[in-house]
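Shared between the two complexes below is chain A, which pairs with chain B and chain C, respectively.
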Partner chain A sequence: MHSFGYRANALLTFAITILALICAIASFTDSFNHPTPLAQVKVLNINWFHKQPNGNDEVSMTLNISADLQSLFTWNTKQVFVFLAAEYETKKNALNQISLWDGIIQSKEHAKFWTHTSNKYRFIDQGSNLRGKEFNLTMHWHVMPKTGKMLADKIVIPGYRLPEEYR
Partner chain B sequence: MGWIGESVESIRSIQIRQLITQAVTFGLIVTSALIIWKGLMCITGSESPVVVVLSGSMEPGFKRGDILFLHMSKDPIRSGEIVVFNVDGREIPIVHRVIKVHEREDTGEVDVLTKGDNNYGDDRLLYADGQLWLHRHHIMGRAVGFLPYVGWVTIIMTENPIFKYILIGALGLLVITSKD
Partner chain C sequence: MDWQGQKLAEQLMQILLLAFAAIAFVTGYVLASFQLMVLIYAGGVVFTTLVTIPNWPFFNRHPLKWLDPIEAENHPKPEPSENVTSKKKPVKK
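Let's look at the complex of A and B:
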């Protein structure tokens, strides 16, 4: 009954239970954080805009992105993955979401930033619908915890429009 | 002479009873593990509710040996989500982030493109030859929760099977020799 093996087993079970409980509590404390992140995006230039030989429109643009995501960080935050997606509707597709830029923020100090960049991933439509197309730029973030539940949210910035002609 | 036969009989019956008890205990452990696993499958709607990260392609978010909890709901797939998917002709599922989504107006079918956070390019090189997009049926679930390090146990066990046999042997011995 009180053999070494029995005690070792009881100790291990207890330790794992406590550890799991602490992890769950750490994850739960994240729900008390009500972040107020800010994001601003400017399309500075359309670098080029054409139709590929296969019939799909492609556009390249220069973006100015500034954001303050410091309020997302809590003691249980390992990193924040942030990305900017172009979102628009076409006749064929109810939703097109194209990631244009992303970044990984690992500390609160780096969570207030601005960057000047051309799109990191290619902005290609499924078809030829981009001329004069209105689109939203949406700043999404996914908070990866040290342990527990992952959180995500976004800011939608509407009112962008692509040129009427290829260039 | 009769009492010898009687005592042999009684010893044998005790051993048989003990053997049966142990077999039942062992069976209970195995079946409850199975119940938990299948129950999780029902709740999460994913055919494998828990996966272990095997590569460093999602670092620094997920490291080798971390555990992910998956959930598969009817909700549409959106970019930014971390999904686990199977590619035709590959056995091991991959955990990567969705970067592009095109959702059909009429059928609701989705075209999805993924990329590992730590990889330079997108995943088209990992997909089957000529495959440009992932579809709904490739995706096994999306990651909703995260637990560090725990998956090392399974990585060590799959890479050095001897540990697996030692562990199973030790547990089996413990079950058989334990007397409450």
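Let's look at the complex of A and C:
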């Protein structure tokens, strides 16, 4: 009893229990953060818009994405994954989501950004439904904390429309 | 380590760890640095290890006082019945 090993074991057990406790409290402090993120996306140009030989519509566009996600960051945030999805409805599917662009934000300093880009991933419909289609661009993000639960939210930006004709 | 020393070591371990955890959390939260919190706490654990795990002299200030052998002869124990062996282990120093 009360040998070197006994004391080392007791200390290690107690130290790790407390570490778990302070991590839990750190995660809890995140619930006091009420973020107010901003996102704006402009479709500057439809570069081309055609029907692939297999019958699926594909469109390429130039986007201007600007966002201020700094308020998502707390002391317990490791990184934020953000992606921009085109969302629209077709007869077959109530919700089609196509990821057009994504990014990983590692720090608060990089969370306020703008970028001018053509879509990073191809915008291809399952079928030929895109002519004259109204769609939303939605900014989704996942906040990855150092400890605790991952949070996800989004900003829906409605009111975009694809041209009536292929070009 | 004597009995008082064991109690002291146990209490010191708990108090030091809790104190370092509190300091680490408050510092980390105020300075918004999770890394700093973990570093301060890790330092606290190392410090507590060094203070409470080795058998320092200050854990041995209350040694058990056994009766002198002569004293024991003056007050002899009642004759034990046969085949009874003492199960008490010697106290670790």
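Note that in this section the second predicted complex is superposed on the first by the 167 of 167 C-alpha atoms of A that agree within 3 Å, B and C clash if a C-alpha of one lies under 4 Å from a C-alpha of the other, contacts with A are read in each partner's own complex, and residues count from 1 in each chain.
By definition in this document, a contact is a pair of C-beta atoms (placed from the backbone, for glycine too) under 8 Å apart; a residue touches a chain by one contact, two chains touch by 3 or more.
Everything numeric here is computed off the predicted structure, so don't read it as measured data.
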Q: Overlay done on chain A, so just call it for chain B and chain C: clash or fit.
A: fit
Q. Is A:Q40 contacted by the first partner chain B, the second partner chain C, both or neither?
A. neither
**Q.** Which superposed partner A:L21 touches (first chain B, second chain C, both, neither)
**A.** second
Q) Does chain A have more residues touched by chain B or by chain C? A) B
Q) Does chain B (first) or chain C (second) touch A:A8, or do both, or does neither? A) second
Q: Using centres of C-alpha atoms, tell me the angle at chain A that chain B and chain C span after the overlay, to the nearest 10°.
A: 40
**Q.** First (chain B), second (chain C), both or neither touched by A:F81
**A.** first
Q: Using the touch definition from the top, say if A:S31 reaches chain B (first), chain C (second), both or neither.
A: neither
(Q) With both complexes superposed on chain A, which partner does A:K146 reach: first (chain B), second (chain C), both or neither? (A) both
Q.
In the overlaid three-chain picture, which partner chain does A:Q97 touch, first (chain B) or second (chain C), both, or neither?
A. first
Q) Looking at the overlay, what does A:T115 touch: chain B (first), chain C (second), both, or neither? A) neither
Q | chain B versus chain C - smallest C-alpha distance in the overlay, whole Å | A | 10
Q: Pick out the shared contact residues on chain A: the ones touching chain B in one complex and chain C in the other.
A: 1, 146
**Q.** Residues of chain A touching chain B in the complex
**A.** 1, 5-6, 9, 23, 27, 78-79, 81, 83, 85, 90-99, 102, 104, 106, 121, 126, 140, 142, 144-150, 152
Q: In the complex, go through chain A and note every residue touching chain C.
A: 1-4, 7-8, 10-11, 14-15, 18-19, 21-22, 25-26, 29, 74-76, 146
Q) So in the complex, which bits of chain C are touching chain A? A) 1, 6, 9-10, 13-14, 17-18, 21, 24-25, 28-29, 32-34, 37, 41, 45, 48-49, 52-55, 92
Q | Residues of chain B defined as touching chain A within the complex | A | 60-62, 76, 78-82, 97, 99-105, 108, 111, 117, 122, 143-148, 174, 178, 180
